[in-house]
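Common to both upcoming complexes is chain A, partnered first by chain B, then by chain C.
The block that comes next holds the complex of A and B.
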């Protein structure tokens, strides 16, 4: 799980072009949206694409994203339980 | 075309150089655009984290606009209309997006790329940063068209749609790019004529 969290932090910074943020700056329970990393709605769509592309997870209901993308911790838990690749 | 308006500031970004009113303020002539833009952003204290999410056309437009608008917006004068044009539309990003969906076995369209497949998005980025709730229009021409810019900017000012107009030719395709922007208002400066606009563009 720790390796997956580290991987997610690296991927999110890279995919979402978070130029001013380092992996060390992202805590496992920091909110990804709002006051945390400050991600926006387009970033949310990009994360849905990343789940599909890298972990073989298709979100049938985009509303699920709100709970899944709360933090690195919640993302890692969901991915580890649902990944197909 | 005689009028009571003046060009108060202008900026050119091309070939790895940033010129403000004819003075070089940053240069990295050997660098590819992404690296040049990143370093120019830092050097010019642009301070807008979402800059790094933008496509090339928006980065180019945003940098040039920020140089010209900083002092006016700080002044509280934000009734500034945006009048932009280019010849390549958003083709630079359109091609990238098309490449990302060309392989049906590896089909993952990127929402973050897709949102930039319209040229006028760059004006939205500028308006958000500088809190502009003003007129904005983006036109496509085969080549730079000073007569159109002069007439349209004058119409915006004559009809009191804006106190100031930020005019911009912003074109980006592959490794070729140019931003030429200038501000027009009643404040004293260079006479607002198509000849002067063309001369500043050529410099």
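The block that comes next holds the complex of A and C.
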């Protein structure tokens, strides 16, 4: 689980071009949207594609995203329970 | 009919042209055929959160427009007009590569959104919260001149009083390689880099963003008056001289009234003849300047040429590095620019002291 969290932090920084943020700056329970990392709706689309491409998870209901993308912790938990690759 | 004054300029190029005196820190690069961009301090102008999705062409456009507006003391615009021949190549390549690599699946929105030609004008407007007229001209090597004509007509007709107009081009890896493979850019291994003395085909290439604030009022920051711009998509070499004289006549001038001419030599022996036919002919006794050894060639490199001409008029000084011939003008009242790209997209631009 810890390795997955680390991997997610690295991927998010890379995919979303968060140039001024290091892996150490992202805490597992920090909100990804709003006050935390400050991600927006375009980033949400990028994360949905990343789940599909890298972990084989297709979000059937986009509304699920709100809970899944709450933090690194929630993302890692959802991925480890649902991943197909 | 209102006049059109160049009241502010901002230039991002392969030279240090931001926050320095005119051509103070120039480097004439004779070791490369694709001149590297002198990267400005983006963070000074663009918030990091906004910059993270922008490729360098967009960032360069924003930086150049910022400095042009700052110099002109302008906060509100009546129009933003951008010229770009190739648009946002980097994100276009990124999107197409993802399309191929992922077998048309898993396409993400960012590079698609950022890949359109009007991204630069759009992002400038977003940053300024400017809802005014916003138009992007994609007309090859007269994209910038098309923008100038639009801006000038709007000022002439009093539809706008303050206009931001510029040209932007960015190099992307695959596109640059293709241009090199097809001989449009000189090959990497070819060692004849000097633009004027070139005996090989292909151009010395680069990228950049140059923006101008054009207004109907003269002010302390004014560089020059933009008198006229005209474009011809195709011309034979034998036709150029007559077109030039006709352009000048339309402005009540003759060749003798031109103090200096700025020519777009780019080192390509196939097409630089368009310039030499004028330089050895009707403009033989006129001071001749060039600039693409400093800026490199790109679809909107003529915006760098206008940036050079504007400074020469304002400062009444033409640095030696720009000289083609030994003729020296006593002063710079009228400056003519002539540019073409690969024998097409010809433009004449006239600026004058005011």
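A few notes on this one:
Please note the rule applied: the second predicted complex is superposed on the first by the 85 of 85 C-alpha atoms of A that agree within 3 Å, B and C clash if a C-alpha of one lies under 4 Å from a C-alpha of the other, contacts with A are read in each partner's own complex, and residues count from 1 in each chain.
Throughout what follows, contacts are C-beta pairs under 8 Å (C-beta built on N, C-alpha and C of every residue); 3 or more make two chains touch, one makes a residue touch a chain.
Computed from a prediction, not measured in an experiment: that's the story for all the values here.
Contacts of A:49 after superposition: both chain B and chain C are touched.
Contact with both chain B and chain C is seen for A:38 once the two complexes are overlaid on the shared chain. Shared interface residues of chain A (contacting chain B in one complex, chain C in the other): 16-20, 38, 42, 45-46, 49, 52-53. Touching chain C in their complex are the following residues of chain A: 15-20, 38, 42, 45-46, 49, 52-53. Within the complex formed with chain B, the chain A residues making contact are 16-20, 38, 42-43, 45-46, 49, 52-53.
If you check the complex, the residues on chain B that touch chain A are 38, 49, 51-53, 108-112, 115. If you check the complex, the residues on chain C that touch chain A are 48-49, 51-53, 102, 105-110, 113.
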